[in-house]
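Below is one structure; the comments refer to it alone.
Chain naming follows the written order as A, B, C and D, and within any one chain the residues start at number 1.
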Amino acid sequence: MAKPAKVMLNVPAIKADFPILQRTIRDKRLVYLDSAATSQKPKQVIDATSDFYSRYNANVHRAIYELGEESTREYEGAREKIAAFIQAKSPTEIAFTKSTTESLNLVAYGYGLKGKIQKGDEIVGTVMEHHSNHVPWHFVKDHKGAVLKYVDVKDDGTLRMEQYDDLLTDRTKIVTVSLCSNVLGTINPVKEIAKRAHEVGAICVVDAAQAAPHMPIDVQDLDADFLAFSGHKMLGPTGIGVLYGKQELFEATEPLLGGGEMIREVHLGSAKWNDVPYKFEGGTPNIAGAIGLGVAVDYLTKIGMEAVRGHEMEITEYALEKLARLKGVQTYGPKDVKKRAGVVSFTIDGAHPHDIASILDVEGICVRSGHHCAQPLMERFNLPATARASFYIYNDMDDADALVAGIKKVQEVFA
Amino acid sequence: MSISYDMYQEQILDHYKHPRNKGLLAGATKNARDSNPLCGDEVVLHVKVDGSDRIAEVKFEGQGCAISQASASMLTTMVKGMPLSDAEGLGRDAVLKQLGIPLSAVRLKCALLSLHVLKLALGQKADVAT
Amino acid sequence: MAKPAKVMLNVPAIKADFPILQRTIRDKRLVYLDSAATSQKPKQVIDATSDFYSRYNANVHRAIYELGEESTREYEGAREKIAAFIQAKSPTEIAFTKSTTESLNLVAYGYGLKGKIQKGDEIVGTVMEHHSNHVPWHFVKDHKGAVLKYVDVKDDGTLRMEQYDDLLTDRTKIVTVSLCSNVLGTINPVKEIAKRAHEVGAICVVDAAQAAPHMPIDVQDLDADFLAFSGHKMLGPTGIGVLYGKQELFEATEPLLGGGEMIREVHLGSAKWNDVPYKFEGGTPNIAGAIGLGVAVDYLTKIGMEAVRGHEMEITEYALEKLARLKGVQTYGPKDVKKRAGVVSFTIDGAHPHDIASILDVEGICVRSGHHCAQPLMERFNLPATARASFYIYNDMDDADALVAGIKKVQEVFA
Amino acid sequence: MSISYDMYQEQILDHYKHPRNKGLLAGATKNARDSNPLCGDEVVLHVKVDGSDRIAEVKFEGQGCAISQASASMLTTMVKGMPLSDAEGLGRDAVLKQLGIPLSAVRLKCALLSLHVLKLALGQKADVAT
């Protein structure tokens, strides 16, 4: 993706939409730099949720009365918006889950453990995956005897693509990779990865938890077979996630959760599944969550995902430059902002990341510290933990400056 | 959407209470069944196509609400004697026009179930039920 | 449970808390009689959700900064409230899921499919279960060779307890039963069922989706081993559910979802789980949902669950009497309100349940029609479908009267 | 909760930068290790109990934040020479009092990790880390 011309969003106008950003922390302005963990929510999304509960709350799909018609229309409308957002061919390729984590588990169980994977079949992941894209595949290994292989990460934070070629065999059935790393910010060449996977007859599962909020996604162009993301990281409510799957793969996948909504017929001891995507939505779904996510997608679409990406590239470039000038501070991941998103992990000599986060908190700055649910990656870089700042549409250069000033305070304390 | 008692017009209730072409059909050449997973409405169609590719006979069986069963009954009267190619070309609009009542999205599925089963019987894949 | 003395809640005051109940449907007063599908929400719950997003939205558990401390405190506070609500020994016996359906699947996978159940082990269910308490056990049958057995229902809507005794063997490992039926309203003798299950060394899994919102629950008195329910049916948000499990059983249960939060350590190809209940909460949870459910529990606790139960008994008794007087109308389930909850399934001669619901909708009355996700039960009673009215704290005798008047309209149309 | 730079008082930073009793312990009679699953802080304790049931020697190893490592260092100074029964009776309040800084819930887990490991080493089950 070429770097768009200098685009900065109108941050004051955007900030005005986010009630929490009017808040102070111990008399300091709130500088929220933890959107990679969860994003803040604009009032449009907050209001959509309240509005649902206040005006047309009803269970979806089976109700004949007016309220149920309305809730079903909005719920299915959200599905259509999300399909358009990632360029899916049809809304039937979109299943609602509770999170990226559930989405990835759905694939691991439904296509793996309960599905097509046999003993000795190979699953290729990468060392930089989030735990949510590690642990579900352990289940397939433990219960089906699948073999797990991992593409390593180079010192510059990119994948060792030559090694990937070597790992692929005619036993490779699944390749699973994150579109964007939540620690390094690296944007992986998923289109290329999927192409090579398809050449050996494997499918490609994409963890887009850190990508969907921050850059345009075209599942058809990527030729992804499954793609997962979470609402709460992209301005949407907590408790709602998405699994995209190509129609024919959705049809070949077993459901994870058995229950209401996902069946066509149930008898004692046997059942027939409903059509896709409903067979994946057992139980009463997070209706308010789906509707809220639809409104979040509207909000992002209105700004334009190219513009979101451009804005974040500007701040990230600025922040990386400033941090590079600080002695005793290391950043991780690609230096070139064209190859990375606005997730900036860093360490400071002599100060543990928790202490960094604690001291930044005193300054009203929210950053994350720890292993970021990516222990294998931390082990690869021989790091017990990092601090991580991540940017979104409501951040600007002032926030990056606040981070730099905060880091200097940390250095003073641990001097 | 204007929902009212209009949904239960004379004609609908008449087809519901006195279904046309209901029952089994000996020598049917095409049969299909489907049910609406959300509510359990069920329609079975038996179709007999003659030598000149016409629907010579058609019968339905089923259970369900007035809308689904009246619409099945009306559909059989519509397609009886129809050239196969016309029946294959039959769309949801034609069926809804004949029903002639306002329908919400959920009840639309009831109304279109029998058309869906017809398509199945004729070996077509089109999903008209949504 | 003895019938409490005539208690009627102050319904006008309660109604005032529910914004949606101020709404009209095509110029008619909204008469909401579908709380068994999902309940309406008081403004306290709606506001709690907005407040979370507007003031202290942050991911839980790992954040060091102030917002994360606040969200974690509220999230864990909700867990404590729920533990107290059902008399659990400790909050660590409460896991948050997305729904009853996920809770029951968690047990079926974690204790069954991935856990202790072996080929030939027996699981005893009942014919009156909701699909969510049928289909997960099919998975255990299909993947582990467990044998499924079912306790039948008598014509009066109660379980054939003599048959239950016959079904129990020393191979019985799990007994699973709903505390309250969502079709018949029957309140099952779960304490007795659990006792007999324990006598043969089986555990007892309880589906409390229809019970937790409507009557006091004491898991220790019931001696339930697992117990599941949903927030959205008890004034809470959509997308949040609860699984209670006895501490030692929780510890013996494998997680369903692998991912962030639920691990202690992850390496390439292996992982160690976090402590209970966190090992069951893989991925970012529905934080707003959990907090909202905590507030819903506060609301119910303030009214008092005994009073809720008493109120619903009054309306149910009144409605059943009125309906009994209508010619051509049948109701199902126990006649004695001491043995049943406020879920009233009914049919009208000559009118299909969908048509009943459509015509009642014209009158502004919301009832459900269909198989209510209980097809095996419908088959048992040889019913293609029923209409179902269900009562909650915001309903009163006027609502029951509206139902009766609506039924008369249906009879006119189909005369 | 008053969070401020008080958390990083001289004494804490001193124990962090110059940990007491850090390293291996030859002839340790009790050892334990635990980590905080949420953040990865790690503490290992080696304890040598003498014939009169006293903690004759104690050493720690570990990695993590200033709070967890300073608190481990301070704990070793506290229990060295202590009768086993006193060490077993040691509660969170005593440890927190010695740290003497305001702590939020998350950082509390850092501060109490070493006490938790001590309890493990002494074969006690009490969960003090929450």
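Assume a residue touches a chain if its C-beta (ideal position, glycine included) is under 8 Å from a C-beta of that chain, and two chains touch if they have at least 3 such contacts.
Just so it is clear, the structure is predicted and the values come from calculations on it, not from any experiment.
Compared on C-beta pairs in contact, A-B and B-C come out with B-C as the pair having more.
Ranking all chains by how far their C-alpha centres lie from the centre of chain C, first place goes to D. Averaging Cα coordinates per chain places chain B and chain D 76 Å apart. Averaging C-alpha coordinates per chain places the centre of chain A 31 Å away from that of chain C. With centres taken as mean Cα positions, chain B sits 45 Å from chain A.
As a whole-number value, the distance joining the C-alpha centres of chain B and chain C reads 37 Å.
Taken residue by residue, chain C touches two or more other chains at 26, 62-64, 66, 68, 263, 265, 354, 358, 361, 369-370, 375, whereas all remaining positions touch fewer. Shared contact sites, meaning residues of chain D that touch two or more other chains, fall at 3, 38-39, 107.
Touching chain A in their complex are the following residues of chain B: 1, 3, 35, 37-39, 104-107.
Contacts from chain A toward chain B in the complex involve residues 61-64, 66, 68-69, 72-73, 263-265, 274-275, 278. Taken together, the chain B residues at the contact with chain C in this complex read 3-5, 7-8, 13, 38-42, 63-69, 107, 110.
Residues 26, 351-355, 358-359, 361-362, 369-371, 375, 378, 384-385, 413-414 of chain C are the ones touching chain B in the complex. Residue ranges on chain A touching chain C, taken from their complex, read 19-20, 23, 25-26, 30, 32, 34, 37-38, 40-41, 43, 45-47, 49-50, 53-59, 62-68, 98-102, 104-105, 108, 114, 127, 130-132, 134-136, 138-139, 141, 143, 148, 150, 230, 232, 237-241, 256-263, 265-271, 282-289, 354, 357-358, 360-361, 365-370, 373, 375-376, 379.
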